[in-house]
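Paired with subunit B in one complex and with subunit C in the other, subunit A is shared by the two complexes that follow.
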Partner chain A sequence: MMKQLLTAVLMILFLIMVASGQELTGEDIIQKVNDTMNVDTSHAKAKMTIVTTSGSKRTFVQESWSKNKGEKNLVRYLEPRRVKDQAVLMLNNADDIWMFFPRTQRVRKLATHAKKQKMQGSDFSYEDMGSGDAFIEDYVSKRLEDEKSEGYDCYKLELTRKPESDLSYSRLIIWVIKENFVPIAIDYYDDKDPSRRVKRLVQSDIRVIDDIPTAMKSVMFDLNDNTQTELEMLEVKFNIPLDDNMFTERALKK
Partner chain B sequence: MKKWVFILAKWVFILGVLGLSWSSLAAQEKLEIFGYYESQAMGTGLQGEFYQLFTNKLRVDLKSDFSDNITFAANFDYIHYLGKTEWNVLDFLSDDVTSTIPEDMQSLYIIAFSNDTFLDNAYMKFSFKPFDLTLGKQQISLGTGYVWNPTDVFNIKDVLDPTYEQPGHTALRLDIPLSPAYTLTALYAPEETWEKSTKLLQLKGAISHFDYNIIAVERVWPFHDYTEFDTEYMNFVDVSEKRKMLGGSTVGELLGLGVWAEYAYNWMEKSGDFYELVVGADYTFDFQTYVMMEYYRNTLGKSDYKDYDINDWMRFLAAEQKAICRDQAYIFAQHPATDLLNVGLQTIYCFSDNSVAFVPTLIYSLSDNVDVYAYLNFNLGKESTVYGKNMGNGGLIRLRAYF
Partner chain C sequence: MREFLLKKLAHWHSSYPGRMLLIVLLLTIVFGYFAGHLKVTMRWSDLLPSKDQRTIQFNKIIEEFVSATSLVVVVEGEEGRIKEFAETLAPRILETTNSHGNREQLFRRVDYKTEVDFLKEHGLMLIKAEDLKNLKDIFMDPNLTGLLVNLNNSMEKEYVGQEESISTREKEDGAVVFLDGIESLIEGLKSVVKGEELSESDIQGIADKLLFGESYFLSYDEKALVLNAIPNFTMMDSDLMVVGTDSVQEILDEMRVDYPDVRAGLTGMIAIGRDEMVYAEQSLGHTTLIAVLAILLLLMVSFRMWVAPVLAIANLLVGLIWAVGIAAIVVGQLNIMTQMMAVILLGLGIDFSIHIISGFTEWRAAGDSITEAMEKTFLKSGKGILTGGVTTACAFLTLSISQSRGLKEMGMATGTGLLAILLATFLFLPSLLVLRERRLDKKHEKRKDAELFVQRDISFRFLGHAAVWLSKHYVFTVLFSLLLTLMLAWFGSKITFDHNYMNIEPKGLTSIELQDVVLEKFDMSMDYALILADDVDESRELAQAYKELGSVAVTEDISLYLPSSEQQQKRIPHIVEIIEKVQATPIEEGIVWNSIPKLHEEVERLEMNIMEMQDMAYLGGQDKVDDKCKAIVGDPDKPESQNIIQELLRLLEADQAQLLGGLSSFQERFAPYFKRSVIRMASTESIKLEDLPVSILDRYSNKTREQFLVTVFPKGNIWQDAEFLHRFDDDLERVSDKATGMPPVFRALIEIIGRDGRNAVFLTLIIVFLLLLVDFRSPLYALMAMIPLACGVLWMVGLMKLTGMQITVMNIMALPMIVGIGIDDGVHIVHRWQHEGKGKVFTVFASTGKAILLTSLTTMLAFGSLVFSIWRGFGHLGAALFLGVGACFLTTVVILPGIIGFLERKNS
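Our next item is the complex of A and B:
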């Protein structure tokens, strides 16, 4: 009887520990974040609004498709007319990038350093938009003390750039919602100075779409320039059939 | 007689594409109409005067998808010029060159800008799984170079403005995807006879993180002899000749740098063979500054500037050949000063005559669909060189509104 009681107590303690997530390491959590973010296929339409230091706004609408958990990506601009039909194809987790310029009908292959460039002058770089397994492949994760962020109970992680990585940020601090493993906020630190925060991403309006928890709104704050860019999802679909032929130079020019 | 038959055939071809397109358009619900209006002012200080040329350009594009497989696209351009619309090339050249020209011919070296309305592109594209067929007047972009493209026998870019759109060319183009990474392209650009028409074959592929292509072209190259005037045609004597070109290009990444190279060897029917070579590299720093360098060699260009003659200058300025000097370098740096403003500096250096041009640039976004592009150009080389002081210093400002 005593033995059964002890087993039951141990079981309850174990379940409490599991429920509170104490057993999860930083690597476990970032793996779950990666699994949540990188669904097999996706198709989205999004509106990007840049708010400049002077307060004026620039708005872009883009359509994107991804396959193989983000290994293949295609982004095509729909608005404004100035950039309509410009498109970016990223393959092999963005190690291969091609850009299509409709006015000159020219496709230009870009080196990976182009990921550091601002997307249409916004506060998002191509690198910030995330591709494949960057959180796992390029950073070492360490779990910090749990914190509340943006009203959610969160795991707090510190990601330190691996020496062999050429990504732009020396480290990241990420707040991950315990309930669904959505990264609700990310702080980005300077390439050379790991103590200097340069950008902050805040996500909101989490909805479950095709069983995937999805942040419908993301705002990137550039803390150096005091500007911000908002990315709002207009339509999202997950796990839809996408042909491999969509992710070719031929399709890029369509 | 034969010539007229081919001219007629060419027009039937263009009008056929347009006719077919318009008749199908009538049945369409969705025809996209868009384009831009462009207002441009250009100025140059020359011989103590500052000359100005103003341009108004309206481009109207039409586009319609007849089905998932068939697309029609076209654009009409109207260009209106104002200001100094006639430029005598001799005003830019040194006495060494102009003194070789008889006095009664000195008024013939005029480059004129006259108002123009034209059909720039009009084509139909048929896309099916085994091939893409593009029929009609279309842009043809070849090669990986940014400023110079040795394998592009159709276009010559403006060194000061290399990303400006190029004109359309009437052609039948067939692209056959052999695999996701490999494409075979065959192109036929008709002229008055089969012999004078352009034939092109290209294989594009990828190995690791490098794209490459191999290209073979046969084309009649339009050349003039600018020392002899043909009074029957009221133009300089046409000395066009057939050119056979074999070349290739590649683009990829090496040690973190974007790198590209392009090479073309040209066998000429009458004049001497020559080759062109481009190698380039670019990089984006973490602080967002983008830098690019390109080296260009064209053995049609002269290695000693004292050998530049009137034919070299005219063929270069009339865009019949890509360079007058043999070896050049282009260096470009650009930085986003704010989220709406990009500032840059282009430097073009000619190794053959030690001349250099500095071209500070500016791109500003006035609104979602209106932007401003401007540059100043300072030619600092000595007289008679390609970027010499006598070419004048000036600049350009261009406002473009998209609709």
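Our next item is the complex of A and C:
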């Protein structure tokens, strides 16, 4: 009887531990985040609002396709009329970037180090948009004390850049929703000064699309420039068949 | 002792009024002498503690850097006309001399163009190695077709190699300059292809624009131009500041006849300093006059006579001369805040006279002789006047413990000034009243109708009746007052701080409004930060560190013209390559017909490159680049817009003979000049400090060339966004604690004056309580006199919130000041109640109530007159004090009858 009781208590304790996620390490959590975020293929229509250098707001509607867990990305602009059909192709996790200009019908390659730069005047860099497995390959994860963030019970992780990595941020602090492993908020720290927060990403409106929890709205705050960019998903589809030919320089013109 | 002295003084006035007037005259001459030497400063930094680093650095910069405080002329109109205007204006500014002094030249230099001569010698050495790598092709072939090929290659390489090239403000500016050069080239080619004759200098201008950019200080839209007139004086010389600004304004007014299509105005530190000073003086002069007239009228109506009020004003003016003389001795100069001391003292100083006149006329009305009436006035009103005056003066003097010079000097000037007026009131006014009464008595005796002369009772009976009612219903009175106070305190707690310095500045001044034009047209805030560096290396390091901050748009320092030797070394190989290539490239003799297709092709390619640059700029939100591209290839949203490249392409397809002639003529003059220029600017000799032209040295280094100035321009509007101001200041401080200029100075002011104001309120309350304790010798009475004050302060802040006001760096002074001012009402009522005894509520409020109503109204009129000041900061303080004084009067006549009623009921 006593033994049964002890077993029951131990099981309950184990279940509580499992439920509270105590057994998950930082590496486990970030792996799950990576699995959640980097679906094999995706297709989305999104609205992005930027602030121009003279302070006015400009909104773009874009359609994007992604393959190989974000390793290949294609963004095509739909609105406003002025940028219609302008397209950006990012390959090798945004290491190689091409741009297509419909007015001149030419395709240009941008430099590889452009991935650290702002993407089209937004507060997202090319690296932020298509970093693939960077969380796992370029950073060492450490789990911190759990916290509530944006109203969700979250795991809090600290990701420190590996010495061999050439990514832009020295470290990241990520709040991951326990329930679905969606990173609800990310703080980005300066390349040279790990104590200086330079950006903050906040995601919201989590919906399950094609069985994948998806943040429909993302806001990137640039704390240095005191600007923000909103990216709002209008439509999303995951794991759809996408031809490799879509992600070529030639296909950009189509 | 006090009674003895007052009695003695009253006796002297009654017996020897002439001698007393003589003493006053002598004192007025002495203080008048000192008053004549009082100086005025309108620098905000002079409000900070004198040992504050920001103040020290700011004053040092103003004194040592001739270019730091320039007179800026903003010229608006069509590009050609404003350039012509600048060329005419610059020499005329240099001709201005100080007609009031030794006829010395007022301005040493007028900067309105870049240092083209220096750039012609060292241009390539000033381009960063990375940019040289990308841009070097442009310099290698001086021939027209070759140049276009290289321009295209460079543009394609530019954004292929470096997408970030136009992602920062500096790079965006660089792109605009580059496009500007191309626009000029296309326009030039269009002209020659059309058969128009271009002069040698036109063609050289096109080459110069390609190589060095626009030489004039033109705005992005090319419709505004600035000239910086560098004075031979500093902002410390306020007279020259006025003369200098006025002289240039005169020239602008004269030039308006020949240039009716050009608008020109003055701004910059000198013009703003001049306007602030002149308009502050004018505006305070007007408001003082308004206040004096309004007070005079009020007193005439209230006392139903004109002589006594005129005497009161005369007494006040004498007191003001003494006050200003003492201020000259105590603080030496008036700052932005202490400039208002005259109006403040006017409002407060008149109160003493009112109490004396009020008491004296009442006793005379009661049938007392001149001597008796004067003695009673001194004994019964004199005590209250002394306590009230000394308490207010002490409260002001308490401000002298403040850290900030603004509040400290305000406290010292107004505290001593009030004591001076108090002294004048005891020494001057009574003798005047005695002389007047003697004359009246003689007049009545002569007419033998003395018995017909009856002085009228001019006490305010309605105040007495109201007080009696409130006193009888003391429970209602106290509860009602408590509720109202709580409600207003709640509103008061919601009041916010206005961080916008522009809301304090004078309204409608051209010099202030032109700052917005500069911000809009040049995307350059004139509210920049300044940092002193001890050597060129420190200057370079600071500029680099500031440039990397998110809140910073651009930095300017000597390193723009003086790269480090390491940087210069890195540039040399690229420069050598350029020299070798350009020297090896032969100059083609004219343009032959079979080279036209290639030229056409390259122009088409150029159009595509600019279009792509435009599309990228639009996606990237870089409006200036987009706008510049629109000027060349048109607006994609407006198909009808002008595309100068398409126009050139069409012209290139036209008559071959004319085409070849024009292009050949262009090529023959352009290519050799371009080649010569490139070879000349490709000097690999190391640039040293002593090689820099004087205009650059003056701009960035002090007179002894030992210290260097770094100017940091904020990215946003620091006044409309308090959070941004804080971030900018934090960023400045993170790099160096030596940063000064308006943004750090104003933020420090807000913090220091805010802290000073809070501390001063508490300390003043303690001092006032202690003084009252000594005066009344009873904590109960001291507390009783302070209750209306405490409630009055809460009412004041609540009313400020309800009337839509905010706390500003100027009106925050009203809080400690009202503690000193508002206490008088309670003191006078409690004194009179103490003197009259139980059951005399009617007499106390009808008589002393009248006096405090009049004193409050006169003070409110004086402070209220500040609302008419062009200086909005003065108006903010005036409005706050207006509400404060009114609130303290109301709390005194409402709450005190209730308390008195309660105490009388309790004691009976």
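In this section, the second predicted complex is superposed on the first by the 246 of 254 C-alpha atoms of A that agree within 3 Å, B and C clash if a C-alpha of one lies under 4 Å from a C-alpha of the other, contacts with A are read in each partner's own complex, and residues count from 1 in each chain.
The definition used in the following text is that a contact is a pair of C-beta atoms (placed from the backbone, for glycine too) under 8 Å apart; a residue touches a chain by one contact, two chains touch by 3 or more.
It should be emphasised that the depicted structure is a prediction, and the values quoted were computed from it without experimental measurement.
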Superposition on subunit A - do subunit B and subunit C clash or fit: clash
Which partner, subunit B or subunit C, touches more subunit A residues: B
Subunit B versus subunit C as contact partner of A:84, first or second or both or neither: first
Touched partner set for A:95, first subunit B, second subunit C, both or neither: first
Contacts of A:148 with subunit B and subunit C, given as first, second, both or neither: neither
Subunit B versus subunit C as contact partner of A:50, first or second or both or neither: both
First (subunit B), second (subunit C), both or neither touched by A:191: first
Subunit B versus subunit C as contact partner of A:223, first or second or both or neither: second
Which of subunit B and subunit C A:59 touches, first, second, both or neither: first
Which of subunit B and subunit C A:245 touches, first, second, both or neither: first
Partner chain in contact with A:168 - subunit B first, subunit C second, else both or neither: first
Overlap of the subunit B and subunit C footprints on subunit A, listed as residue numbers: 50, 52-53, 56, 58, 81-82, 101, 103-104, 106, 108-111, 114, 117-118, 121, 225
Subunit A residues touching subunit B - in the complex, by the definition given at the top: 50, 52-53, 56, 58-59, 79-82, 84, 92, 95-96, 101, 103-106, 108-114, 116-118, 121-123, 166, 168, 191-192, 225, 227, 244-245, 247-250, 254
Complex contact set, residues of subunit C against subunit A: 156, 159-164, 167, 169, 172, 523, 549-551, 608, 611-612, 615-616, 618-624, 636-637, 715-716, 723-724, 727
Partner subunit C, residues of subunit A touching it in the complex: 50-54, 56, 58, 60, 77, 81-83, 86, 97, 99, 101, 103-104, 106, 108-111, 114, 117-118, 120-121, 198, 222-226
Residues of subunit B defined as touching subunit A within the complex: 34, 127, 129, 132, 138-141, 144, 163, 165-166, 175, 177, 180-181, 183, 204, 209, 211, 251-253, 256-260, 282-286, 288, 290, 336, 338-340, 365, 367-369, 371, 402-403
